[in-house]
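Each of the next two complexes has chain A plus one other chain: chain B in the first, chain C in the second.
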Partner chain A sequence: MAGASRTGGNLVEKETTETDAVAAVAIGLSAVLFALAIAAMFERISLTGTLAGVETVTLLGGLLTALGVAVIAFGVGSRFGSVETDPDPSAGIIAGGGAAVPWVVIGGAVASETLGFGTAVGAVAAVAAGAVAFAATVLPREDVGSTLPLGSLLAVTGLVFFTGVIGPTWVWELGWAQQAAITAEFLIPVATLFTTLYGGWASAKAYGGFGARGRHMGAYVLVYLNAISIVAFLFTLVAYVVVQGVPGLLNGADIGLGTGPETTILGVSVTLPVSVPFVMNGVALFNDFQGVLPAIVGTVWLVIGAVLLAVPLGVGAAVFLTEYADRGRFTQVVEVATNGLWSTPSIVFGLFGFAFLIPRFGNGKSLLSGMITLGFMLLPLVVITSREAMLSVPDEYRDASAALGVSKWQTIRSVVLPAALPGVVTGVILGVGRIAGETAPILLTMAGGTFIPESQTVDVIGSFQFTSAPPFVANPALLEATSALPYQLYALITAGVGLGSSVSDPNAFRWATALILLIVVLSFYAIGIATRYYFRRRLRHN
Partner chain B sequence: MAPVTDSESGGIPSAVSTQLRRTREFVDETEPPALAIIAVMTLSLFAALVGFLAVSDLTIVPFVVFLGTAAIGWVRYQEETAYVIALAMTVSTILILGLIIVFIFRESVPVIRYESATVYGVTVPGLRMFIQPNWDAVSPPIRYSMVPMIHGTVMVTLIASTVAAPLGVSAALFLSEIAPATVREVVKPGVEILAGIPSIVYGFIGFTVLGPWASDQFQTTGQGSYLFVGIVVGLMALPTVVSVAEDALSSVPESMKSGSLAMGTTDWQTMTSITLPAAFSGVSAAVLLGVGRAIGETMAATVMLRGVPRLTEPLVNVFYGQETLTSIIARNYGEADGLQMDALFVAGAILFVTVLVISVGAQYIEWRMHKRLGGEI
Partner chain C sequence: MSENQNPQPQTGTATTDSDQSLTTTTGETVEQTRDEWTNYEFQGEAKMTVEDLDVYYGDDHALKGVSMEIPEKSVTALIGPSGCGKSTYLRCLNRMNDRISSARIDGSVRLGGEEVYQDGVNLVELRKRVGMVFQSPNPFPKSIRENIAYGPKKHGDLDTGLLARLLNRSDADERDRLVERCLRDAALWDEVSDRLDDNALGLSGGQQQRLCIARCLSVDPEVILMDEPASALDPIATAKIEDLIDDLSEEYTVVIVTHNMQQAARISDQTAVFLTGGELVEYGDTDQVFENPHSERVEDYITGKFG
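Up next is the complex of A and B:
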């Protein structure tokens, strides 16, 4: 939120006057309240406790009231000419609708619950309150219209908290058949959050001096706040998983010569200098530290199989659609079909794999079924991104190649495909990131038990066999149920308390699995995004 | 997509005759050995498909034949072989969609028969799944009603849309119109990464952090509420809305925007009176696709919901979350067999059809918008 008010400073470049300072203080106050509301919602600050020597709820109420009074004062001051602004005749219908919503809620709740008039009267009161707020916004000049209803909303909410009408122990029993209640713990932060957003919006408008520029300011504050919140949310999410997952991941980890397991690289037996049991062990009775190696290997094979199926099919289809086929009904049908496939829910792919693939591959869940199901999921994405990449290859390239007298296929092979390669590669990598984290399809087609012992880590290459009966080639590893990271996490969640017998600290184990899954998926995304930047930079240099 | 561009030129018969003429030309122009190879490839691939559908052990034989002829063709007649292979791959995309439709519906037939109901003397198959709210797979009368799950999906989708639509459109405006280039380079990959976080991770956080918190805040018995599943699913649908809406906004011609700015409007005025109205259909397609994502979201819902298929009391009680169409499949596929398994396929069919309709609708809207803006389709 600090960012939002800073942005406000950059957007309008004029000298700061005292009235501007008032509006800027109001924006700052909104920022503080916003932060307090978020903190209260996640119980970082206690509602029953005190903050800066004042009871939290009283403080919130006081600040809200102050903000409301400031907003109203600015609007009224502008109306009577003591503040220099540039308001329009009306604040507009959208602002009116925006102001009406909270008043509908307040009017309805007060009439039906606080005063006890019942639902019907409540509905009437809700509409009436909303209509008054709407009229008060739309009818007067913009400076009053966009401050008075919102300012009084802030002031009323603030006074309710300040006077203790809604205190920290307030509870509203909804009286429903399935018991639920709205508590002060929830209502106070949420009400503070939303009214503060309104307050910030109104003060930003005031800061911009109303009119077109004021609306611009108001909207920009909200839009910037939204963008910042999304990025902040992403960071919080990832950071939270990392913080929770690292202890479990590093459980028993060791660095030093000869500590790691022995492995064979290019035919030479090497003892790794690091040991991270969580990613190097399976689950076994006598393990010191349990791990998820089979699930990691399962995920890797799953991705390889899906890519081997989907990339040739998808690129081939894209070549046909862009280079061979004329635009017409056929290409349109294919386009609709690919987009339809792209938005088909993952669980439906799972059901399809269950009904179609499982009876055809040994009548049981198998790695192969999982691969093909995920390949089907990846296919539309490959088609769409490859098509986009090929369409963006300039026609001059094709013409220049055709002018050399080579055939169409040669043009495609040596001109179009290389030029489209960056787009295709990026699209495939991002698509792989998406399917690597999918649980629902493999749930029905591939995944086996919760814990897979290390001995069952799949070895696809090593288990190809030739048989005398059709189909002549067999690969037991492909036809066995195995695990993958997303499924492993799901199984760990649903296993609940029963986990304790195999893992000493189930919760750390779960979080570590989530972290590994996140690392695997996000590294695909990181590679994909980096590839895109690399190719874009190189294109610019040429 | 009914009003296809070339439908005026004579409809299906003329299209077929054009195709026939083309095929004949192709046959005339191509050398006989190449034709033979193409014929063998096509036939063997078709045979392999039939064999696969018939669950035959011998499927591998025509498939190997196909691979062999394709290899020979690749060496001798690369041009024609590449064409045929590309065509086959294109057809396979449609084929997969067709197979999904066939298999999902085929599996759901028995339970649709079982759940027939009689209205005014007419027996309507499957009707009883939608007119009574009781799902009971264990004790008689055994009933597989879809009503509780449809209710759950509708609740979750409504809440998710109220989260995803305004936030997503606002973020798309930010990315496409407002953000300076450097900020966009940070926020855009951020939104992409948000789309990449696996749904089970969202579900896990929802289950361990949000669930207990919500049940404490609302003093409910046990955890799992449509409200928070909806919010989480809305956040998951957000990236879809952002990226599609951003595409739509940036496809509005720059000249329209500069024309407005030259009149002395603020950026925001240009956005609300030029860019957003021009891109309105694209933006609504983005919201629609986001809704489609929310409907199909599985794992977060499965982990966070209670898993008891019944209606909440009262219906608007969002503080209790029972079951959605997606989560009932993920939760019950293991124990289910017979009719219950088929009932899960009915849930899948409902999901599939709904999302397909939404997807086609969104594409139609986008297509119309591109046409109106005078760009290429």
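Up next is the complex of A and C:
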């Protein structure tokens, strides 16, 4: 771009040049390295193996070195005017601090461990390395300051891996009283991940030509990489459970007319065209394939019961607090109490259920006790979120309704509550996510067992009985010990090896149980989100 | 159209007539309000009569001894600087001030001869007869149809619920007739007749305000109170609202607060001027108040010298 004089008034951005392309390639390289580091961390790629025909560690090292060299080349090129940029006088103190941190680690580790000078010298070296990196970032012009220290960091780290100084089998015994060591499997992905973040940041700044625009690009890339890593983490977690759980889940599954069990739907007896024994069977001696149906049904009823208890109570309390009670000491106390209840450990709720509810409901662990315990756990969140949602309903609606002569209660019912419903549903969704996976309260109030025969599947609807004496309705199913998925999972894990005789592959059985639990919770989520979407649609104009 | 945004202590103009002025301790002279300035004589019936109305918010004396008669089927404008108590006054007429816990009201307000501030007043009935339109349009986040049917439904005049539909007693036709009538009366029907089931929040600001007026008409009011109904609207939407108010005054008694003096002059039959401190200073025929006010402070306010 010789001759293109850079005056302050350039409105149109410069066209893409080869140097821009180099910076863009550097950003792309960072993204690839980032992905590789995450994959290595979750052992999706093996450090001892090869990747694209090269040993994995060597490849990572080579790529890191290349990225570092590219970053340095860009900065130095910019300093000597061969690359057109718009740098500030200094990269700034924050960038300096950011660059100093890894150099402190490297300086300290090299001096005290690699060179064996001991802790004191190591500390001095750490500070010195950090100070040099800080100065090298802050003192020169921004283009050099934000590339040279970080580029060298990448290059040094890359060379250490590339030359095999730290290879796939490297271990650093920490020599503590406890058994503790840093292994290559841990160090290499983590170091790659962090240095790559720095590399991506520096090359994004370079791509933006430094200055304000460069900083914008740098922040943009950092935020994106961060968001991607969160999503990747979540995705990996779910994927891991799915991969481990599917074999057990589909054990003996079959599709085809007449393969499934017979069920009665609306009074008509039909034979289902699919058969998934794991979710359709309990455990029985003569079953070909064992399953967890009783626990699934138990979990579903448990959540339904808790929601039925907590939502009316919680919304009612929120209505009272926001619409009727005067704001003051009393509402403040209630607020503190609800917040405190929400942070109360679940085992405490469980203990309450165990000590207070169980003696009152037939002196045995029962579904009802579990429902009530979890309902109380859910209650504070429902109160908090419903209150929040009602407070955010504009007072104009209440005024408009009152001016039409509509009573307060009718206003709450027809205007305030519908407007607050999406918020209430959000609270219930969050709460259900928590209680559906609770193990401790169930352990104390509902129990169940490791393997539950199909005959113990609760039938809440079918068990309602009408009696001639008060209370006129009875439901024995509610008073029976029932299992739920989290507890069954816990029981399966603690039961250890003793499972072998009942289930052909205990490990697959456990993972499949975990997967089912995940699916059940996610289904509740899906129902909640769909409900919220529906209510929101009604409140909005598109 | 100047408005005194910060209610300062009044520095009224000195008058030569010592009878009309009162020397304060600070040596400034403050014009003394005279009863005859607010004694508006008109033909026809008084729809609402306010006598010696005092309103306090805690220790804050927001309205001081206001008396005025509001003639039936006409437009009464209330003007005055911000914070002088216009909204407070308006809210007394349908007892919306009851909703403010710190407010205390003394005095008498009569609607067609019946005392509004007495024990046993049916607030539902009062607010049905004295409707209100607010400063910023506040339709409910419901469909246009539901917005208008809301009041009558809650009062049990319309039943379109599930049970009524099952029993084949649904008032859906009646409701649709009501919706159409109110929307026509509020000059909105032509713009929304094809999207009655759309959410009201999708309408423009001016349309929303006319919807609020239509909603107010749905319960058959006798008096319509409007608190700066056009202050959030653009000039074209404002003009539509003004035309609408003119039409409404043939059937309804309209009381409108505005800080736009041209608007008051254009649409009202009589004008009441409140000044800072919660006093009603002058009340009379709009032409008289604007062209030949008794009070010098009112003249200053109207000509923009005030404040």
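Please note the rule applied: the second predicted complex is superposed on the first by the 423 of 542 C-alpha atoms of A that agree within 3 Å, B and C clash if a C-alpha of one lies under 4 Å from a C-alpha of the other, contacts with A are read in each partner's own complex, and residues count from 1 in each chain.
In this section, a residue touches a chain if its C-beta (ideal position, glycine included) is under 8 Å from a C-beta of that chain, and two chains touch if they have at least 3 such contacts.
Bear in mind the structure is a predicted one, so any value in this text is a computation, not a measurement.
Chemist: Which partner does A:Pro394 reach: the first (chain B), the second (chain C), both, or neither?
Modeler: second
Chemist: Considering only the touch criterion stated at the top, classify A:Pro89 as touching first (chain B), second (chain C), both, or neither.
Modeler: neither
Chemist: On the A-aligned overlay, A:Leu518 touches which partner chain: chain B = first, chain C = second, or both, or neither?
Modeler: Touch status of A:Leu518: first partner only.
Chemist: Looking at the overlay, what does A:Leu539 touch: chain B (first), chain C (second), both, or neither?
Modeler: second
Chemist: Classify the contacts of A:Gly164 with the two partner chains as first (chain B alone), second (chain C alone), both, or neither.
Modeler: Neither partner.
Chemist: So, A:Val334: does it touch chain B (first), chain C (second), both, or neither?
Modeler: In the superposition, A:Val334 touches chain B alone.
Chemist: Does chain B (first) or chain C (second) touch A:Gly49, or do both, or does neither?
Modeler: A:Gly49: touches no partner chain.
Chemist: Of the two partner chains, chain B (first) and chain C (second), which one does A:Val406 touch, if any: first, second, both, or neither?
Modeler: Touch status of A:Val406: second partner only.
Chemist: Is chain A touched at more residues by chain B or by chain C?
Modeler: B
Chemist: Output check: A:Val415 vs chain B and chain C. Expected answer is one of first, second, both, neither. What do you get?
Modeler: Only chain C is touched by A:Val415; chain B is not.
Chemist: Go through chain A and flag every residue that touches chain B in one model and chain C in the other.
Modeler: Residues common to the chain A contacts of chain C and of chain B are 407, 410, listed in rising order.
Chemist: Going by the contact rule set out above, which residues of chain B touch chain A in the complex?
Modeler: 1, 4-6, 15, 52, 55, 57-61, 78-79, 82-83, 85-90, 92-94, 96-97, 99-100, 103-104, 106-107, 167, 170-171, 173-175, 178-179, 183, 186-187, 189-201, 203-205, 207-208, 213, 216-221, 235, 238, 265-269, 289, 292-293, 295-299, 302-303, 312-314, 317, 319-320, 326, 329-330, 333, 344-345, 348, 351-352, 355-356, 358-360, 363, 377
Chemist: Please output the residues of chain C touching chain A within their complex, sorted ascending.
Modeler: Chain C residues touching chain A: 94, 96, 99, 101, 123-128, 131-132, 134, 136, 138-142, 150-151, 154-155, 198-202, 212, 215-216, 218-219.
Chemist: So in the complex, the part of chain A that touches chain B is made up of which residues?
Modeler: Interface residues on chain A, with respect to chain B: 43, 171, 174, 176-183, 185-186, 212-213, 215-216, 219-220, 222-224, 226-227, 230-231, 233-234, 237-238, 240-241, 312-314, 316-317, 319-321, 323-325, 327-329, 332-352, 354-356, 359-360, 376, 379-380, 383, 407-410, 412-413, 430, 433-434, 436-440, 443-444, 469-473, 486, 489-490, 493-494, 510, 514, 517-518, 521-522, 524-525, 529.
Chemist: Help me check something: in the complex, which residues belonging to chain A touch chain C?
Modeler: The contact residues of chain A facing chain C are 326, 394, 396-397, 399-407, 410, 414-415, 418-419, 538-542.
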